[in-house]
Each structure stands twice: as C-alpha cells, then as structure tokens.
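Chains here go by letter, A, B and C, matching the order in which they are written, and residues are numbered from 1 within each.
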C-alpha cells in the first residue's frame, strides 16, 4: 500500500495509471488485418471444399444423363467395349445380389454383437477387445479384405457372388457393430427396468423392448453400411472378378457388379465404353444417395433423441 | 399367477426351459461378438501364411528392393511403398488446411443457418464411391485442372527435383489431389467435433481479454484441439493409405521411384487392383505380400489415431 | 396370526462393500397401504427394491437377511428373480411406458407370461382398474408417449396390474407429477388397496399421512470414525400413531418437520 503515489478515480477509489494507447478504441490495425486475413483464408477453404462437390455432381449428372437411357438400365453389356448400346444390367444385378447377401449376413451378427457389448459384456475384457478391434477393422483397406477372401475361399472354391458377398459382409460387420452399439446405449435404463419389473427375462427384454426401441437408429447404421458396400470396387475385383454377362449363380461363376463395370469402362479407350461408365456412375451414385437419404429419414423418426 | 397358490420354487422349476433360453441367448451374443475378433485374426493369419514363401524368398529386400519384375520372379515393393506414402502426403498437404479451415469456419464463424447446408454438402463428398472419384478424376479433373497445373508447376518450378519435368497429370500429384478431396469430409467431420468440444468458457475468456476472433481461435480453440486434430488427420491418413481405385486410375501405374511428384508412379493398393487379374500364382503371392505390408502400415496408423481420439474424448 | 404378505427379517444391503441398509425387520400386511418414509438417501428405494429382487440388477449389490413372501424366501437359491417379479409389481418414480402403443404396453406383461386368454378384455379390465380406460379407450393403438405425465403413470399402474400381482410396490410414484395428477394417483391407490397390497416409498410426509394404513420410518445412521452412512428402521406402526404419538425422538423430529 505504500510506495508509488496512486491517482484517485472519480468515485474516490484508487486507480493505477493507464497508458493512453490502451484507452484508444479497439485493437491495433495490424491485429485487425490479421483477423480479416484469417477470415478470408477460412472462406477460401470453404470455397475450395465446395468446388469439388459442385464439379463432381455437375459432371456426373451431365455426362451420366446424356448416356443414360432405358436400354442402359435394362440391358447387359455388349460383347465388346467398343460397341455402342447395351447397359450395366449385369452389374446392377450382381450388386443387388452381393450387397443383399452381405447385408443378410452382417446385420444379424453385427446386431447380436452390439447387444453383447451393451447388455452382457459391458466393460469386461472381451467387450473391450471387441470394441477396440471393431474400430481397428473399420480402417482396414477394403482391398486387403478382398485379398483375404481370395486366399481363404476363392482359391478352393472359385470366384463367385458368395465370395464377393463375404468380402462385403466383412467390411460391413464392424460398421454395424459400432453404430448399433451407440444406438443401444441410448435406450433409457428406465424402460429396461420397467420390463424386468414385469417379470421379463433378459432375452425377452432385449428382443421385445431394447431392440424395437433402438430400431430406427439401427436401421440408419445399417443403411449407411449398405451404401458403403454398394460402392466398393477393389474387394470385388479379387472375389467376384467381374463378367460381361448376367449371372445369378452364387458360387463358382464370376459375377459383375456396378462398380466393377464402371471401373472397366473407365479404363477403355472406346467412347462407347466410357459413355456407359458415366451412366453407370450416375446410377451408382443415385443408389448410394438414396440409401444415405433413407438413413437420415430413419434417424429422424427415432423416438429416442440424442 | 394367483397369489400363493403356486409356490415361487415351483414356478421357478416350471421356468426351466426359459432359463436355458436366457443362457443360450447370452452365449449367442458373445459368440457373435467374438466373430469380429476371429475374422480379424483369421484375416491376418491366412494372408501372412500365403505370402510367407515370397517373404522367405526375398527376405528383407521384399520391402527394400525397388525392382518389381514378375516375369523374372523379382519382387521388390519399395516403389509401391514409396508411392503410397507420397500420394498420401500430397493428399494431407491438400486436405488438412482445407479441412481445418472449413471446420473452423463452420464452428466459429458461420451463421447458424449456413452451418447445416454447408456441412451437409461437404459430407456428400463422403458418399461418392471411389470408382466414381476415379472416373471423374480421369475424365474431368485431369484435363480441367491436373494436367494444366502439373505442366505449370513443371515449367515454373522444374528446377526443383520435386517438380522436375516431364510433368503429367497422371502422376503422384494427380492421384494425391483426388485422394485429398476424398479425405476432406473425414478430417472435417472429426475436426468439427473436436472444435465443438472446446468449452464455451474458454472462448468467452479470450474475448473478455479483448481478443479478435482469430486471436480467440488461435489462443483458445486450437491449443485445446491439438490431440483431437492429430487423431482426425491420422484417420484421414489411414483412409488415404488404403484407397485403391481412384489411385489406380490416376497414379500412372509405373513401378518405379521418382523424386518428382509430377511423374507417374504406383501405390500398394493400386498395384494389387491393377495386376491381379493377369497375375500368375507366384505374382499373386507377391501381391498378397504387398497387401500384408499395406495392412500392417494402415493398422499401426489407425491404432495410434484411435488411441489419440479415445484419450481426447476421455479427457473431456 | 401371520397372514403377512411380506415377513422381512434383518434385511441388509450393501453396494460394493458399502452398507446402505442395515437390519430392517417388519411385516407387510395384505390389502393395506404401507408407506416408507425418511430423509433423502436413507435407503427407502433400496429397501423396496429388495422386495422384488430388482437390486439383483445392480452390479455390486449384496443382499442379506430374510424376505419371506407368503412364507417363502424370495432369495432362496431355488427361486429365480424372474418368477418373483411376475408376482410382485412395481411402479417407478418417473413414468416409464414403453415406446409402444397403449394397448401393447398393458399387454406386454401378459404376453411374456404366455397369457392365452382374451387379451382385449384383460387390457380393458386393467385400464379400468387404473382409472384410465375412459380417457384412452378410443386411442388404444396410439403411442403411449403421447399421454400426459399423470396418464402415463396410470398406464404404468395398469401395466403392472395386468399380470395380476398381489403386491404393488411404488417408488415415489407421484413425485414427478403435478398436484392434480398426484391426487388422482392417491385416490386410485385407495381403490387399488381393496384388491392389492401396496408398499409406497414417499418423501412427502403429508402424502404418507393421507394415504397409508401403516408407516415405516427409515433414518440414516452414521459411523463417526469412518463417516460411513446407512439406513435403519427406526419405527414402524399404524400411520396415525406414527404421526401423532411417535415413540422415537428421531421420528418425532422428522414428522414435525425439524429436518427433511
């Protein structure tokens, strides 16, 4: 309290001397300039991020539309890439079969695994391992999954739809496990208690209360996994191999898929083949977007909000 | 169900089947969960086993050798490792500044009504399948952007080894640019979460001290987000390392090492996709070996990223 | 003369080694409303959840002592909790209807018990007994979540009585409801006690005094050295007596509002 003489403020209390510069209005011009430059830079990044979105959708719609016609959707490939006409029906059917089978396998196992994590294992060692390695598995390159299915199953049994479906199911499984787990965790403890208090066994509570309550959210996760599987190419190169004709056999015969047909079309020098590739890209993009949109619709119908 | 008429013990006995169902259900769920672990383990085992002959034949020169000559049975995959790393590095150089800037804009600057639509538009990039990226990259981006820019870089900065001519859009550069676009939504989505997790009080404190918005971001938001951002970037990197089709179409398919990014090259995932259909048994084994090395690198990066992100979430 | 529905002897509960409830002994008599009152955290909910073995679901919970239901020990190794819970119903503090239709909520219990009779009739009967039928009879297929809080709680009561228990446990059933809904629940309880034995936990003394026939007062005991706390039964008797002429000083202090 002793030492430097203190000035008195208007109200009578003591105050310390203030440099005039700080009493000036606002930050210095240099700081303002930095702030504006930073804002401009951020806006530039937004533009740079949105530019590809616009370019991709514009060109796919433009090129795809001009090459798309009823024949494309309902016809299979001509015997040569050079030939005009025809379509990717072989690819569409192959994709529907393989994605369908993969979903039918991955969903039950994935949902049950998530039920284990939330209702049974909780924080035990097995549950922690499953959680960690599920996360790890979502980062495995899909081409590696294809290599695995090739060495383990294609070598003994040949290329085919089931092999492709197996690769897709392995890719979908960890995605479904983790997203289903998140949805199951949101089911409130109170309604589980209500079920137990009524004398329900654990499996009855899970199947009659927990799963139905979480169903919209689970559906969202499944639809997103389906959208992802529909767009996969690399694992199918190694397991389904691709084909110019329509196949419905599950085993022993190579089968086409929409992404495979697009990939082949992208590599041909022939204009007709490239045109079909564009139409196929539009078709595939629409399928993926429809599933992504359905996923959002499903999540908005959930009665359990985050 | 009437009172007292039947004892609890008797009812329990009558429930015998029900209790067995309960136990069976529990075992079923545990088995399904274990399936994930079993599949992963089986994947690692079979692929490594298949590639073992090649590993033994080549030894360490499998990963250090730069000669890939299947017709002569020489399998050195260094060019592919090199190409994977270079294309991924280019992808990060492009994607990280854009993603971070974009996410900062969306969380700190953008008016509320703009956040949804812009975020949604960027997330649309994640929905586009990689083969469509490849097709678009080859027929649209290449003539429009990649080739001109590559040539411009080559002529303006050609004296630098990294931009030495002859310049081509079909190169590490071309693949890297498209790869970068593909990982923007991944990094951005996680970065947005990271920035949102910074407590509002930190921001208010900075403003209360008279900071401009950029100073607030630099002083309050970014320091708190470092671990999470690194995790987000590593996850994007993991995705870039494993991306196959877009790279296969744009990297040039040349199994060589070149210092200039404007030259064609190759990547681990791309060589598997491109050469598989024509390969004979020994070459296929070598390609499986490439896959195993790719898997190992990707898994390490992913595990490190997960641990970082988990730690950041736990500290919240 | 022991027609007691519950005969509880030296009931103690601990969670992960920490004692929460110690040596509670009392009898619950049929067709009566027994209130359990006491300050917050004294173990009232823990106590009532022992009566239908809901504490089994809490990891780390250990229960000792004897709980005889019509003379049978519900914690005997020959008895499994599911069977116990099918005879003893419970209504929770916050209404917790399933995100299903009103009809499916009431029908849930009978369905899992394999009820083969006329479900429509059972649902109507349960909703009438819960004084909810008139308000919902035209919207049985609508979601239960669209009902008001008070209606949802009555639905939970209907759901509990649909399995025809003989005891209904209520854990602060009206504490999340507005006063008008609370009165309706209390009136309902008076009707229900003609057929069911009711045990109600409440932190609202006036409610206990209004509604119950017998009252049990639980209180927290503290160990001076370790500052561990647990609940004990201080006094149990006719409600009138507990509130007007309590025998224990702690009871008298609590009911006269000297601490809450």
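Assume a residue touches a chain if its C-beta (ideal position, glycine included) is under 8 Å from a C-beta of that chain, and two chains touch if they have at least 3 such contacts.
Here the structure is a predicted model, which is why all the values come from computation and not from measurement.
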Based on CA centres, what chain would you say lies at the far end from chain A? C
Write down the chain pair with more C-beta contact pairs when A-C is set against B-C. A-C
Per-chain CA centroid nearest to the all-protein CA mean: A
Would you kindly tell me how far, in whole Å, the mean C-alpha position of chain B lies from that of chain A? 13
For chain A and chain C, let me know how many angstrom lie between their CA-based centres, rounded off. 47
Distance-wise, how many Å sit between the C-alpha centres of chain B and chain C, to the nearest whole number? 54
In chain A, which residues are in touch with two or more of the other chains? 201
Residues in chain C with touches to at least two other chains are numbered 82-84, 86-87, 113, 163
Return the residues of chain B touching two or more other chains; collapse runs of consecutive numbers into ranges. 18-19
Which positions of chain B touch chain A when the two form their complex? 18-19, 21-22, 25-26, 28-30, 32-37, 39-40, 42-43, 46-47, 50, 97-102, 104-105, 109, 118, 121-122, 124-125, 127-136, 138-141, 144, 181, 184, 188, 210, 212-215, 217, 235, 238-239, 241-245, 249, 269, 272-273, 276-277, 287-288, 291, 294-295, 298-299, 301-303, 305-306
For chain C, which residues are in contact with chain A within the complex? 52, 54, 57, 82-87, 89-90, 92, 94, 96-100, 108-109, 112-113, 143, 145, 156, 159-160, 163
Contact residues on chain B for chain C in the complex? 1-4, 7-9, 11-13, 15, 18-19
In the complex of these two chains, what residues of chain A are touching chain B? 27, 31-32, 34-35, 38-39, 41-46, 48-50, 52-53, 55-57, 59-60, 63, 108-110, 112-113, 115-117, 119-121, 126-127, 129-130, 132-137, 139-145, 147-148, 150-152, 170, 173-174, 177, 201-203, 206, 227, 230-234, 237-238, 241, 259, 262-263, 265-267, 274, 277-278, 281, 284-285, 288-289, 292
If we count contacts the way the header does, which residues on chain A are in touch with chain C in the complex? 188, 190-191, 193-201, 204, 208-209, 212-213, 303-304
